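Each structure below is given as structure tokens.
Okay, so chain A shows up in both of these, paired with chain B first and chain C after.
So, the complex of A and B:
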């Protein structure tokens, strides 16, 4: 019988862990993409929207930011089950995290749009551009650059928040790691391995953000 | 350029429509009234200088002309068409955004703080309105942009981003951006006030060139030498009113208004 080392155990657990990474990545991707799109809409409504609509988004943002993410996750999974609405754990998790992140993204977009100097919008008006044209060609390209740093921040937070979904039984990287540990009792080694994998994933997002920031560096005032 | 000794009388006598006509324009911020009934005509080809102390309402009035500021009473007509508002069913309403944008496209504006689009090159700044508002194909827009950048002396800088240009160069790009749209008139809002003294001349030179070519211009400026040299008519505003107006030679030589006299007194050397 071969000796049991970390490396042999890692090899044995490779499919479970890779599957965990895949689920974590998939969850993160859904959450980041959905919250980016919805946050863009939310931010636009906050800045330009019809007053009652803007107030509604404002209320949503403030409520969401005030509730712990874990409570949101439990609500979508167990809370709705009380009303005989059953959502698969994966999707309950996506909805909970995306709903939470949307609140943050809306605020990020609002802040970025409002930080574009008023003169930019005036100059765009003065050459006869209409509202959507001003947004598309003048305001949003400039806001994008200001969105990037806080956007990366929120994206990274959301990747880490997917670990909370282990509580409702989504076998993402953390739960996959825990299940592996339950078989081989190599607690420290496998938690460290999972930590490293989370770091790699988040570091990649940070680098992507930095790359995009450099890409927009010509946009100085 | 035409001579406009008495432009109001001239247009009344011939019955010709002025390019721009403002009638009794009032504007308030909350309860503070900043324009208290401004009326004036601007004829085609005229260079009208608006002068006055800060807070006199000249910049506000300029911004009302392309509705960057709303105004509560009165009317501004461009080629006989009321700008920004329409009477429907006895009520004064803002016109729809598309119609307002079309009106703005006929009025150029140059700002004190340049307001070039920082994510676009000089050429792209000039092209944007031509392609998106005028609907010109990119190649034609590029030719027009190059023509105007050359006209303002920046042919070599067309690929530069605003942060790579000096203030004077940025302002000349902004002028090219405004005039490339072939507007009916161009508004200049203290366009040299943010510039280092040694850069003022290059911008004023471009404006003088435009004035000579017959461009209708309304210029808010503190450059009294330029005003005296280039303006066909000067309007002096104070406290939200038009206090005096006339050709610069007459107005500056013998100011009837006490307010104008004290205002001009601040520009030592220019009028002595």
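So, the complex of A and C:
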């Protein structure tokens, strides 16, 4: 029998780990896209919405931000099963994480919109733009620049939060790593390898964010 | 379809355990914040020091922690250290160690920003009345920095408190773990998770409220 080293074990586990990376990426992508769209809507409602609707969104945001995301995940996972709604753990996780991230994104969008100086909106009104035109051509382009740094932060947080889905049995990178460790007992090596993979993924996102920030840096006022 | 009969008896019967679990969570968060603050202060001073290599080492620590999932760090410390021959920690200590290292990285950034925003006159005035360098740091820079960063510290405490839920993954009997046990033993799914959510929510807002009072008392006069 050949000697068991970290590298041979890593080679044996390559498909499991690659699959884990793919699932992690897929989860993060769904969560980030869904929460960006919903968060944009939530933020707009918070700023411009009909009063009761804005209050409802505010309540949602404040409740979501006060509860640990792991509790939300477990709540969704066990709660849905209770009502005989049979969806895979993957989607229960996406819903829970996206619900959590939406609250954060709404806050970020609200803050960004409100940070655009009132003069901009007034000037747009003065030249006769309608509400949607003001939003589309004046407010949102300027808010985008403010949104970017916290948006990137939230995206990184979400990639990190996908690890929590290992607890409800989604075989993403962390659970794939743990299954590999259960087979070969190379605890330190494989946790370090997983750490490195997460680090590369998140650091890449952060750098990309910094790049985009520089790209949009010309929008000053 | 949505017929569900609530039965809160299980919760009342477990109430002392639940409260104990909640207090354990708060304790874990406070302990980690305290150790994290010490790490953070040392790192922040290290980053503004003249030593390039120290700056670089601390930067790597901070970036490493900030880009790594907390759950992975918890598992790494809990399962990895014993394999390296370090068996000194039980699960609670191991969790506090992890959360402190995690908090330390965030607090380092907070304090660094705090140090940068101390008005220069304060330091100059301290020099003018003849304080030594360490006296300047201890009696002028640190107190002002703490007051400036107080809002960020309270935010960190709340997010650390929420992060203590991850201790459930290594079977530390805190609130999430307890709720999960009630869920598994009695199948009172809604009761268990509604209780846990409500307690987390209430505690987070209570912490926020208390710290806002502290902030009002100690905030910098501008």
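Everything below uses one rule, namely that the second predicted complex is superposed on the first by the 221 of 221 C-alpha atoms of A that agree within 3 Å, B and C clash if a C-alpha of one lies under 4 Å from a C-alpha of the other, contacts with A are read in each partner's own complex, and residues count from 1 in each chain.
Heads up, the rule we're going with is that contacts are C-beta pairs under 8 Å (C-beta built on N, C-alpha and C of every residue); 3 or more make two chains touch, one makes a residue touch a chain.
This one's a predicted model, so the numbers in the text were calculated from it and none came from an experiment.
Comparing chain B with chain C, the partner in contact with more residues of chain A is C. In the superposed model, A:63 makes contact with chain C only, not with chain B. Within chain A, not a single residue is touched by chain B in the first complex and by chain C in the second. Chain C meets chain A in the complex at residues 1-2, 4, 63-64, 66-73, 75-76, 79-80, 83-84, 162-166, 168-169, 176, 179-180, 183, 189-190, 193, 196-197, 200-201, 204-205. Within the complex, the chain B residues that touch chain A are 66, 68, 97-98, 101-102, 104-109, 111, 113, 115-119, 128-129, 132-133, 161, 163, 174, 177-178, 181.
Chain A contributes residues 63, 66-72, 74-75, 78-79, 81-84, 156, 159-164, 166-167, 174, 178, 181, 187-188, 191-192, 194-195, 198-199, 202-203, 206 to its touches with chain C in the complex. Looking at the complex, you find that chain A touches chain B at residues 117, 119-120, 122-131, 133, 137-138, 141-142, 216, 218-221.
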